[in-house]
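Look for chain A in each of the two complexes below; its partner is chain B in the first and chain C in the second.
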Partner chain A sequence: MVQQTFEGEVLTEPVVVEREFETVDMNINIGPQHPATHGVFRMVLTVDGEIVKDAIPYIGYMHRGGEKLSENLDYRGALGYQDRTDYLAAFNSEWVYVNAVERLAGIEIPERAEYVRLILAEFNRLLSHFMFMGAFGTDVGYFGTAFTWTFKERERIQDLFEAVCGDRIMYNYFRVGGLAWEPHETFIEDSHWVLDQVEVGISDVDELMTDNEVFVARCRDVGAMTADEAISYGVTGPMLRASGVPFDLRVEEPYSIYDRFHWEIPVGERGDVYDRYLVRLEEMRQSVTILRQALDQMPTSGPIEPERMPARLRPAPGEIYMRQENPRGEYGIYMVSDGTDKPWRVKMRSPCFHNLSSLKPQVINTYLADAVVALGSIDIVLCEVDR
Partner chain B sequence: MTSRRTPAAPEEPPSNEPPPGSIADTYREVMPLVNFDAALTKGDDVALTIPSDSIHEVIERGREDERLQMNLLRNQTAVDWEERGLEIVYHLYSIPLRQAVTIKSWLPAEGAIVESVTDIYEMANWAERECREMFGIEFIGHPDPRNLLLDEDLDIHPLRKSHPLAPIEMEQGVDVEFFTKEYPPPEPAEEEAPAPEAAAAAPERKRVEDMTEEEREERRAEQAERVARARELAAVRRAERLAGAPPAGGPRPEGAAPPPPPAAAPAAAPAAEAAPSAAPAQDDRPPAPPPPELPTIPDAEEDPEGRAAAQAERVRLGRELAAARRAQLRGD
Partner chain C sequence: MVLSEFAGVSMPDWIDAILRIIFIVALMTIMAFALIYGERKILARFQARVGPTRTGPIGTLQSIADALKLITKEDVRPITADRWAFELAPYMAFVPVFLVFVPMPFTETWFIRDLNLGLLFVFAVLGLNIVGVVMAAWGSDNKYALLGGVRAAAQAISYEIPMLLIVVAVVMVAAGRLAVDGDASAAGSINSIVGDQTTTPYILLQPLGFFIFIIGMLAELHRPPFDMPIAESEVVGGYFVEYSGMRWGLFFLAEYTALFLLVVLASSLFLGGWNWPFGADVGLGLQIVLTLVKTTVMIVLVIGSRALFPRLRIDQLMSFSWKVLLPFAIIQVIANGIILSYGGADWVVGLVSFGLLVALGGLVYYIMRRKQGEGTRTVQTTPATPRVITAPEVTPVEAGGD
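Let's turn to the complex of A and B:
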C-alpha cells in the first residue's frame, strides 16, 4: 500500500518486524514460614508476570496425629487436645467434643451449664472474629492500626475468660457432663460490661475499614466464589454465607439451646473477599445480640454438673457425627465407640481444612497480591487444618 | 505401643431402625436395585450401609435426584475395624431440603479400592488424599493421589490400628530415635551414689514450718553448700567451653564420645546431683556407623580457601554418613 501526503511525497508502509518473545512461567514459593500465611503453610505459585497461573498448596507441617492420640486416650482425657486444634476458638472446639461424648453416652447436662457454655462459645466467636479483623487488616495494609484496635477488644474478652477459667488461650474448662467449676460470682455483670466495650470496638472496626477506599479496592471482587462452587468444595461458615447460602448450623440443625434466641444470619451477595469481611462483621453484632439474650435468660443458680456421673465412661457401641458452627465453619467430631473406655475412632472435621482446599480456584488468574488477600480472607488456623 | 485391644468380636448390636418415612425410604425408592442397610446413629442421623461397588452411583444419584439433592459432602473418613475390614464413611447433607444422611460401606482390610467421588464433589479431593494416606485405601480416578498431611515419601498408614506410634517411620529413615529410645533402668550404683544421705534424710524430712531454729540453720547451710558446689561445677564447665574442647553449641555427631570429664570433676562429683546434665548410659546405644573425622573449619580471615574446602569436605562427609545410615537401616 502506498500513501500520499499533502505535499505529494510517497510513503511506503512502515516495516513492522514481528518477533516472538518467549515468556517463562516462574514458580514462587511462599512459606512455610511467612507472615502472610498465618502459620506454617506453604504454597507454590506459578506466575506469568504478576498473574497467578497455578497454585499448589502444601499443608501438614503441623500434623501431630491428634486423631490417633485421641484414640489412645479415654473419653475425658482427649478433651485437652481440642484446645490445641483451633486455638482461636478453643471453647467452640471443646464444646463440640463434649457434646459428642455426651450424646454418645446419653448424658443430660443441666440447663445452667448449657447457658455458660453457649455464652463462652459466643464470646469466643467474637474473639476469633476480632482476631480475623486484625490479621486481615494487616494483610490488606493496615499495619498496626487494625491489629492494635482489635486486640484491645480481644484482650477484654480474654480477661473475662481468665476470670472464669484461669487461662487465656487453652481453656480446658468444659467437662463431659458440665463445667469444671462455677464461673466467678460477677460473671454476668462482667460479661455485660465486656459486651458494652466490645460493641464500641465493633463500631470502631466498622468505621476504620468498611468504607475505606483502599480497603474496598483491595477486597472487592477478589477471590469470588459462586454458591455452587463453594458448596462443592465443602466450604462452610462465613465464607459460604458470603456466597449467598444462608447455611448456619445454629439454625439449620439447631443444637444446644440456640432455638431460644432470635437473631439473623448475615448473607453476602458476590462471594468475594469484601463480602466475607462484611458477613463476619455483621456476625459479630449478631453474636452480641445472642449474648445479651442469653445473659438475661441465664439462671443465676443451679447445678453445673449432673448429680450422678459414671467414674469411667463406657458408652454403648455406636457412632455419632456431632457438628456445630465454629467461627470458621462446621466443626465436626465423628466418634465411634466400641463399648470400652476409649473411643475406637475420632475424626475431626476441620472447617479450615476444606475452606483452604478452595484456595486454588480463587487465586488462579488473579494478581499475586490478591492471592495473599484471598488467603487471608479464609481465616485459617493451621493447627486446625493439620490437626 | 501396639494395638491396645481387639474390637468386640460379635457384630454391632442392631441400632434402632429409622422411623418409616425417613430418608432411608427415599433412597430405597430412588435406587431400588441397591441394598441399603439402614440404622439410626446416636446423633439421630440415618446411616445407610451399601455394597462398596455402588458407592459412586449412590452418591451421584443422591446429588442429582430431586428428592434427595445431597449437594454438600461435609465429611469423609474411614474406620479401621481390624479383622472385620475397613469401613468408609461419607456424611452428606442437602442444603435445600435440610436433610442429612451417612453413607457407609465395608472394604477389605488389605487392598481396599474405592471409586473416587472427586468428579461429584471437589471437596473429596483433599478428603480422599487424607483417607488414602491414613488408611491405605486406593481411590480409582483420583486426579492427584499424593500424600497430603504426611511427608511426601512416607508410605505408611498411621490411622490403621496395626500401626504402632513410631517404629515404622524409623524403618523408612525418619529419625525417631529420640522419641523411641528406651533407656535402661538406672543403675543403682550410679544413681544412688548420694543415696545414703538422701535415704538418711528422707524419713526425718520435715516441713520447713515444723523445723526448729537449729534445723533450719542446718538446712540453710546444706543448701548453701549445694549451691556452692553447683557454681564450682559451672565454673569448670565454662572454663572448659572457653578452652574450646568440644565444638561450642554445635550438635555432637551421633554416637560420639561424651566430652572428656573436666579436670576438677572428681572434686565436684557429688555436685552432679545438683546439675545433672550428662545423658545417662551413652554406651548402651545401638551400634552406629563410626563417625567420620570432621575437619576443623579455619577462620575466614586467616584462610578463606581452606575454610571453603573444609566446609565442602564436611558436607561431603555428612552426606556419606547419612547414606551409610540409610543403607544400614534398609539393609537391616
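Let's turn to the complex of A and C:
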C-alpha cells in the first residue's frame, strides 16, 4: 500500500497516528447568582464531564468596607455595622464588638446583662445552625422539606428576638456596658417555651436527615479534611471540630460566664461533610443545655448597665484582640485605640473567610454535585467573608 | 373505548378519531392540572405549609392561573440558541407522552385502542421523550442545560433497561397464566394483563418487579432521589433553564402527564388496574374509581419521595442501575423462564421473586453499612471544662498612627 503525504513524499507503509480522543474541559460558573452559593459567591469550576478538575473561588462582591466604616464612627456608633457582617449570627458579632470595647475601656458590666447577652447569643447559635440545616438540606437535594422544617423553628427564635429587641435580623441591642433596654417581662418563660419547641425541631431534623441512606451516601467521605490540613488553613468552628480537634473558644479561652455551665464539645472523626453536619447537630443540643442552665441561673432583677458611664468613650491608648466562638468559628475583633473617641483601627477576623479558603482542595477531583455539598457544608455568610 | 358505542350513536371514523384526540388532550390536561395542584398541596403538608390558598376555593384554580400566566408570558429565545432544536424540543418531549395514552386501560372497556403489543408501544414511544430533552439541552446553548440534558440521557438509558427487563418478566408470567385459557399471544396487551389479575394482583407474583419498576419510574420521571437532570442546586433547573412561557409549560405538562401515565401503567401491571383484588365484579363505574384510587395512592408515594429524599449523585445513580438493578432484573427473567418452562405454580414464582427482593434489599443495606463503617454517628462529645478565665489583656501602645 502506497500513501502520499501532503509534502509529496511517498511512503510505503501506512502511518498509524495514535491519538487519544481529545475533549475540551468546560468552565462552569457557579455564581455569583446561583441557587447553591448562599449569597454572591462565585466559583469557576473546570469540569471534565462531571468531575471537577479545577476550582477558582472569587469573593468580594459584598465588600462594603465595614472595617473602615467602623473606624470612622465612635465606639458606640459602629455597633450597627457589626450586625451586618454576620447577619445570621448578629448577636454573636455584636457581642464580640462590645466585649472588645469594654475590655479596651475597662468597663465592668452587670451580671444580669451578661446573662441576657449569653442567652441571646446562644439562641442565635441555634438560629444560625437551623439556617445551616435548611440550606444544607437544599444543597444535598431535599426539595424544601428540610428548609421549611428548620425555618419553622428559626421563626420561633426570631419571634423571641423580636419581642426582646424589636427586630428580627439586625438587632442592634447590645450596648457598650450592657443592653439597650430591659428584655420584656416574660423573657424567661418565653425562652423556655421556645426551647421546648426547638428541642422537638432538632429531633425532627435529626430524624429527617441523619439516618437517611441517600443523605449518608451523599455526605460520607465528601470534602474530608484531616486535622493538620484544617489547622493549616486556619479553619475554626464546627469544621475544625469535625476534623477531630476539640477546639472551642468558649473553653480554650473562656469569655463571659461560660465557666458556670456544664456542656460537652462534639468532635468528629473523619472531617467530612457528614461529620460537619453531625457536629452542628450536636452543638445545637449542647446549646439547648447551656440555655436551660443559663435561664435557671439568671437573676430576675438587677441593673442592666453600669451605674456610671462616661458620656464620651475615650479608652486609653492600647490594643486588644477579642475573639469568641461564633456559630461559624472564631470571630475576632482587633482594635487599636489612640486615646480619641474613635478607634484607630478595627480589624475583623471572620471565620468564613478562612473556612472558605479550604474549599479548593476539598472540591478538586470530586463530582460537581460534591462541590456544591462541600460548599454548603462550610456554611458561608458572604457578608462576613467580604465585610 | 369506542366513543361511538359510548355515545350510543354511530359516526364516521374521522369524527371518531378527532373526538378521541380531543378526549386524550382534554383528559391528560385536566389530569396534569389536578396533579400539579395535588402535588403542591400534598407537598405543602409534608413541609409544614398550606400550599396555594388564594386562587379559588382552597386554591383549586391555581393550576389554571399558572397556565394563564405561562400562556401570556413572553417566549424568550436566547440569541445564540440553535433555533430549530430550541423551538421544537418542547413538542418532541410532549407529543410522545400523549401518544402513550392510547393503550392505557382505565376500565374494562375504557381505552382508546387495545393494542396487541401495547407494552412494546408504550416503551418505544415513551423513550422518544428523551430526544426532546437532549434537543432542548443542546439547542439552549447553555452549560447548565447541557449538563442536565446529558445527565437525563444517561439516566434514561440506564433505567429503561432494567425496567424493560422487568416488564418482560411480567409478560412471561402473564403469558403463562393466559396460556391456560388458550391465548398466550395476548400477553403483550395491557388490558389482557389487567384482565388476568382478577384474583391475584401481580405484585404478589413479582414483588421484585414492582420494586424495580417503581425505582425506574422515579428515575424516568426525574423525581427525587433521581432528579439530577433538573437539580436546582447543581445545574439550576437543567435542560429547561432557558425556556420560558408556554414552551416551558409544555415540558412541565409532559412531566406530569408522564407521571400519571407511568403510575397508571404500574397499577395496571402490578396492582390489578381496575380489578377489585378478590375477584368481585364491581361494574364499570367502580372500576374507574378503583383505577383512580390505586393511582392516587402511588402518586402520594411518589410525592412523598420528593419530600423526604435528597438527591443521589450521578455516579451513585448509574452504579445502582448497572450493578444492582440490572443483574437482579436479568436474574428475575431467567428465574421466571426456568420456573415457567417446568410448569411451576404461581406461588413458586412469587416466592422466588420475593426472595430476590429480600436479597436486593440485603445487598443495598450491606453496601451502605460497609461504606459507613461502624454506625453512622461518628461524632463523640467530650466534656467541656473551661480553663481559668484569661481575659485578653489590653496592650498599651503609644498613641497610634500619626
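Operating definition for what follows: the second predicted complex is superposed on the first by the 368 of 387 C-alpha atoms of A that agree within 3 Å, B and C clash if a C-alpha of one lies under 4 Å from a C-alpha of the other, contacts with A are read in each partner's own complex, and residues count from 1 in each chain.
In the analysis below, a residue touches a chain if its C-beta (ideal position, glycine included) is under 8 Å from a C-beta of that chain, and two chains touch if they have at least 3 such contacts.
Quick caveat, the model's predicted, so the values are computed rather than measured.
Trainee: Could you look at A:R220 and tell me whether it touches chain B, chain C, both or neither (first, second, both, neither)?
Mentor: second
Trainee: What is the contact status of A:Y233 with respect to chain B (first) and chain C (second): first, second, both, or neither?
Mentor: Only chain B; A:Y233 stays clear of chain C.
Trainee: Which touches a greater number of chain A residues, chain B or chain C?
Mentor: Of the two chains, more chain A residues are contacted by C.
Trainee: Thinking of the overlay built on chain A, is A:L208 touched by chain B (first), by chain C (second), by both, or by neither?
Mentor: Second partner only.
Trainee: On the A-aligned overlay, A:E282 touches which partner chain: chain B = first, chain C = second, or both, or neither?
Mentor: A:E282: touches chain C, not chain B.
Trainee: Return first, second, both or neither, reflecting whether A:V245 touches chain B, chain C, both chains, or no partner chain.
Mentor: first
Trainee: Where does A:Y97 make contact in the superposed view: on chain B (first), on chain C (second), on both, or on neither?
Mentor: neither
Trainee: Would you check which partner chain A:W344 touches, where first means chain B only, second means chain C only, and both and neither mean what they say?
Mentor: Both partners, chain B and chain C.
Trainee: Considering only the touch criterion stated at the top, classify A:E253 as touching first (chain B), second (chain C), both, or neither.
Mentor: So A:E253 meets both chain B and chain C here.
Trainee: For A:F187, decide between first (touching chain B), second (touching chain C), both and neither.
Mentor: Once the two structures are laid over each other on A, A:F187 reaches no partner at all.
Trainee: Starting from the residues of chain A touching chain B, keep only those that also touch chain C in the other complex, and list them.
Mentor: Correct list for chain A: 103-104, 106, 252-253, 316-323, 336, 338-339, 344-345.
Trainee: Touching residues of chain A toward chain C in the complex: what are they?
Mentor: Residues of chain A touching chain C: 26-29, 34-36, 50, 103-104, 106, 137-145, 147-149, 152, 208-218, 220-221, 242, 246, 248, 250-255, 258-259, 262-270, 274-275, 278-279, 282, 286, 316-323, 336-339, 344-345, 367-370, 372, 376.
Trainee: Considering only the defined contacts, which chain C positions touch chain A in the complex?
Mentor: 43, 46-49, 143-144, 147, 224-225, 227-228, 231-234, 236, 306-316, 364, 368, 371-372, 376-401
Trainee: In their complex, what parts of chain A are in touch with chain B?
Mentor: That would be residues 59-60, 63, 65, 67-68, 72, 103-104, 106, 228-229, 231-234, 236, 245, 247, 252-253, 316-323, 330, 332, 334, 336, 338-340, 342, 344-345, 347, 349, 353-354, 357-358, 386-387 of chain A.
Trainee: If we count contacts the way the header does, which residues on chain B are in touch with chain A in the complex?
Mentor: 1, 4-5, 7-8, 12-13, 15, 41-43, 45, 47, 71-75, 77, 79-80, 89, 91, 95, 98, 100, 102, 121-123, 125-127, 147-151, 158-159, 165
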